[in-house]
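What follows are several structures.
The same subunit A turns up in both complexes below, where it pairs with subunit B and then with subunit C.
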Partner chain A sequence: MKFWGIRLVSILVAIGACFALQGLTGHWSDYAQRIVVLIGLYVTLAVSLNLINGITGQFSIGHAAFYQVGAYTAGYLTLTYFNSPRVQGMLHGLPANSRLTIWLLLMIIVGALAAALAGLLVGLPSLRLKGDYLAIVTLGFGEIIRIIVQNQQALGGSYGMNVTPKYESIAVIWLLAIVCIACCRNLLKTAHGLPFLSVREDEVAGQAMGVNVTRTKVTAFLIGSAFAGAAGALLAHFEGFITPATFGMDVSFIILTMVVLGGTGSITGSVIAAALLTYLPEYLRGFKGADGNALSLSGANVVAWMVGVALAVGLLRWVMQKHIESKGKRLGFYVGAIVAGAVGRIVGNLVFAHIAPLQDKQIPIDQVRMVIFAVVLIVIMLLRPQGIFAHHEFSWSLVRRLFKREEVPHTAVSV
Partner chain B sequence: MTTALHLVAGLDFNTLPQQLVNGLLLGAIYALIALGYTMVYGVLKLINFAHGEVYMLGGYVALFVSYYLGFRPDKVGPTHSSIWNLLIMLVACMVICSLVGVAIERFAYRPMRSHSRIASLITAIGVSLLLQYGGALFLPNSPPPSISELVNPYHGQSKDFTLVAPPASLKATVDSLKPASDLAAANYKSWLDSHPGADTYNLPKDGDALKHAAQDAKGKYEDAQHKLDTGGVRLIIQTGQAVMLISTIVLMGALTYMVLFTKRGRAMRAVSHDFDSASLMGVNVNSIVLFTFILGSSLAGAGAMMTATFLGTPLTTFYGLVPGVKAFTAAVLGGIGNIPGAVLGGLLMGMAENLVVWAGYSNYRDAIAFVVLIIVLLFRPGGLLGSSKVEKV
Partner chain C sequence: MSLLTLDKATIRFGGLIAVNEVSFDLNKGDLFGLIGPNGAGKTTCFNLITGVYTPTSGDIIFNGKKIQGTPPNKIAGLGICRTFQNIRLFPALSVLENVVVGGYLRHRTSLASALLYLPPALKETERLKAEAMENLKILDLDGVPNARAADLPYGMQRRLEIARAMATKPELLLLDEPAAGMNPLEKQDLMETVRRIRDNYGITILVIEHDMRFVMNLCERIVVLDHGEEIAQGPPDQIRNDPKVISAYLGEPV
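What follows is the complex of A and B.
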């Protein structure tokens, strides 16, 4: 009884949180709302890729393909059939807004099914391929889908497709994200998830213990791609405009980065990394210079920053490799390394300012943001290769441990 | 069935040899880049995503060296080039690219070696993004510069081979139509000469008839001439591209010699066979990894210099993205870690791409690489020449 009570309350809280978010962001600008929506979509994408990559250990780097399949399937169906007399006849008698809602829910399911079918197509060869071979096949599959869509005039070709009517709802997008998180989390917490972990840890041993490796891998691909497809369907209806360029290789890489940055296998990590990596570039875009226009840096400044970061990272790594027992001493060394980096940046700025071609070059902050993205990626990998959360999950017992210093038993599957 | 017939009917088999040769030239460059991927993978088991960016930097080095040699777009420089200029560019590209490769290995990949492979892979993606976007801040990329064609001493030269002569009847038709065409043109011209000041767009009746007769005869003659030109099987090879192919073969030969017959090459093969055991046997693993990066990156630099110079492609900082991905696909196709496999894969990939263009599906030329890859991997999971091991307890 208590179990069902907690379940019911958490489901209600989740739904409530989504609508609260919608209410909270209701008066925000379109731009800010779009960022909230993108974070929701990327959370879904990262968590679903985490199921394939982090939890099942199948190295897939073509997740944007499933996103695209979902988006284009849903977009095309809406464009072609929503206003047809038959569909309108079936939805007859409902208020106009709920007609669209019901249709959207249908489209989410259809998008998910189409993407799951694509996932099955990729999952089947994955039975024979491993590691890097699988990686390049998934990458190639993503490119093939993108190029095929680009050459279909019915889908708008490379110009893209206008999806009407639009459906702009933050709540639905975040609900999908929460459903995705809940699915993966529950899968991991129950016995159904153990086969996935065993495939990641040791396929042969898992097979010997009676795990159906084939079925597990294909299931992982099916579930992961279905969620990506559903996210795609929502994207198509939120933006109202999709082009093949929205689903390029770089998107796949960004999703993969989110998974790895958060810590492969950690759902919490994927969620937080997805939010950070979606917000960070937009945050950088917002910087203003002294004259009120977008900030631009001098070339010397950018080079000095790079020197400073390189110095700090190098020193931090050097300190990490030394086994310093005392906690305070170690902290001191860390602070020292960061201070050295800052000094390096200031000195570098003074030195490089004398180099005319560097000093005269003005670089708008807009161009620098992808560089910062790359640098963050490299720095995190150099300093914490297991990702921010490693394989840990957020849990109340973890919070208790932090505050009460309570001993909590470690388990293989994080609680 | 009808579609199949239609497909075959749409193909022009007379241009097939030309497309195959083009495929060979393109494939040789893919092979050159793929060698870098495959060697690094063989030694470190790491997909060096930044390899395409090393290739891109090679293109820029060639551009700057050509500026230094005087071939600047904004100044009038030398009008003639020599093979020495090309050699200087080639050597500069190879040296600087290998330095870049060594720096990437030393500062990004070596610290990651003790960590999981996916962490190294993400680092590689990070380095690749850093070079693409960081390079865009400092390197000239808008408008995309391209190397002056004057640097290429073989610019505009080509060799024309006739493999199959066109049918004699076509030649006879052309010969028979030529006098009529000439005669009609001469008649019209003499009429014009006798009527000075006539408006050629508004002629009197007799002049108009002569004009049309001349145009018709000329049209028939040119039509026959065109049929004659495309009737046979011809092969046009630009001298620059031939030089490119020969240099590629020489470089590959040098690589094969180094890998098979030198001490370092043997050490490299040992490391690629078993990293840990090789280090126990006294191989200096770090220096061998650096050596691998030097070889791979200098080949990429040479490839970039040749494509940028002989093909004249405009440079941006994303210049290496597509060739990089395709070359990596080629390496996997041939069996990653396998040196002859990379060459075979590269050539196949280049051929496949040009065959798709030949068949009239040029929109799909970027997709064919992956289609071939997936089909091959379904039947041979370890690539064409690679071996896939079944894992046992």
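What follows is the complex of A and C.
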């Protein structure tokens, strides 16, 4: 009974939190709301790709294709059938708003199924491929889907497709993210997660222990792509407009970056990296000076920043490779490295300001935001090659250990 | 009744005949040794039995059924499990998780119940974990269930491989050089453990080993391979004095 009590409470809390988020963001600008929505969608995408890439170890880099299949399937069906007399007849008697809600839930499922079918299509022939070869096939598959859609006049071609009616609900998008996280976490918490991990660790040994490697890989592709498809369906209905460019290779790569940056195999890492990488470019866009115009840095300033960051990163890496026994001393070295970087920037500023061509060149931050974004990625990967969360997951015992200063045991999952 | 029969099992890789018409019989409860110089085809024999390779000709019969051509994971389900010559653990997983993978093939709950975190899947997980702990106890590894497999010292990794194979509840356990790289004391220990596994759990054991003392002391019957051919078969005393075996290992007298 206690078990079901906890379950019920946690489900209610999750739903409540989603609607609270919707309420909280209700009066925000469209732009701010859209960022919240994108974070929710990218959390779903990163966590679902993490199941394929991080947990099962199948290097798939065409995740945007599944996202696209879900979006276009759901979008097309809504556009074509929602206002048809038959569908309206079936939904007759319900208030207009709940008609659309029911239809949207149906579209999420349809989008997920269509993407899962695509996942099966790419998963089956990929079973004989590993590593780089699988990556190339999934990349190619993603491009094939995008180009096919681009050439379908019925789907709007490269102009894109209007999806009406729209359904703008932050709560539903975040609920999907939570369901996706919960499914992956549940999988790892039970013995059912182990065949997936064993395929990643050593396929041959797994098969010798009775793991059906084929079925495990296909299952990972099915579940992972289904969630991506569901996210696509929600995107189509939230934006009301989708084009093939929304699902380009860059989207696939950013999802992959989220998985790797967060720590391959770590659900927590994927979530945090998804939020960070979605928010960061938008945050950089928002740098404004006192007069409301975009803030600019002088060329000298930029070079000084480069010197400072390079100095700090180099020193931090040097400290990391050094063997220092005491934790306090270690922390001192880290602080020292960062201070040295800051000093480097200040000194650099003073020096480079005397170089006229550098000093006179003005560089608006929002124009180079993607460069800054890339630098942040490089710095994180240099300082933490195993990803932000490495192979750990968030847990309360982890938090407790952090305060007790105990070593965290090296387990991939806590079955 | 014989548990496993190799009947003129042969496999060719192009022009090379790796295993040529090898035949032997294992009875239930046997402690059987498979020896031979490097490249004799011992591990290939294991790969034939466990379904990694399909024999070019000949039969492999387990419990009265021909099993050649069955995929390795199904073979494990039939009750044959193995360890590897070069250790193949799941390095990033914990010791306990490694063993639970072995027990997973006997799980009875659906994936959906795991995804939804329902009580059947949780109970099954608990049961598999308890079973895994039992297997760790047999191999004397119950002190380190949460250590990463890759962090274990070599001897323990070898034992963990056996514990993982035991978790599949095999009728026939194939050990590929289980004593390689162990010191004499560890070898003695391992010998006793292997014997105990046979005696207490009635598991038939087929072992490949290079260490003659280990094999001669442990096994009750031995088959000797050389260049893919079977050159002798019998109890240790007979094998020890077989001129063909002596020449295969030591070379012809000058």
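The rule we apply is simple: the second predicted complex is superposed on the first by the 398 of 415 C-alpha atoms of A that agree within 3 Å, B and C clash if a C-alpha of one lies under 4 Å from a C-alpha of the other, contacts with A are read in each partner's own complex, and residues count from 1 in each chain.
The definition used in the following text is that contacts are C-beta pairs under 8 Å (C-beta built on N, C-alpha and C of every residue); 3 or more make two chains touch, one makes a residue touch a chain.
Not measured: the values here are computed from a predicted model.
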Exercise. Does the superposition put A:L175 against subunit B (first), subunit C (second), both, or neither?
Worked result: neither
Exercise. Does subunit B (first) or subunit C (second) touch A:V204, or do both, or does neither?
Worked result: both
For this session: Could you say whether A:V302 touches subunit B, subunit C, both of them, or neither, answering first, second, both or neither?
Result: first
For this session: Examine A:A115 and indicate which partner it touches, taking first as subunit B and second as subunit C; both and neither are also allowed.
Result: neither
For this session: Kindly classify A:V260 by the partners it touches after superposition: subunit B alone (first), subunit C alone (second), both, or neither?
Result: first
For this session: Pick one for A:I378: touches subunit B only (first), subunit C only (second), both, or neither.
Result: first
Exercise. First (subunit B), second (subunit C), both or neither: which does A:K189 touch?
Worked result: second
Exercise. Looking at subunit A, does subunit B or subunit C touch a larger number of its residues?
Worked result: B
Exercise. Is A:V213 contacted by the first partner subunit B, the second partner subunit C, both or neither?
Worked result: second
Seminar exercise, completed: Overlap of the subunit B and subunit C interfaces on subunit A comprises residues 204-205, 208
Exercise. Where on subunit C is subunit A touching in the complex?
Worked result: 50, 52, 71-73, 76-77, 81-82, 84, 88-94, 96-97, 100-105, 107, 109, 111, 114-117, 119, 121-122, 124-125, 128-129, 146-148, 151, 164-165, 167-168
For this session: Name, in rising order, each residue of subunit A that touches subunit C in their complex.
Result: 3, 7, 182-183, 186-187, 189-195, 197-198, 201-202, 204-213, 219, 223, 391, 409-413, 415
Exercise. Can you list the subunit B residues touching subunit A in their complex?
Worked result: 41, 47, 107-108, 111-112, 115-120, 122-123, 125-127, 129-130, 132-134, 136-138, 325, 328-329, 332, 336, 363-364, 366-367, 369-371, 373-374, 377-378, 381-383, 391-393
Exercise. Across the complex, what residues on subunit A touch subunit B?
Worked result: 59, 125, 128-133, 135-137, 139-141, 143-144, 147-148, 150-151, 203-205, 208, 249, 253, 256-257, 260-261, 264, 299, 302, 306, 310, 317, 361, 363, 367-368, 370-371, 373-375, 377-378, 381-382, 385-386
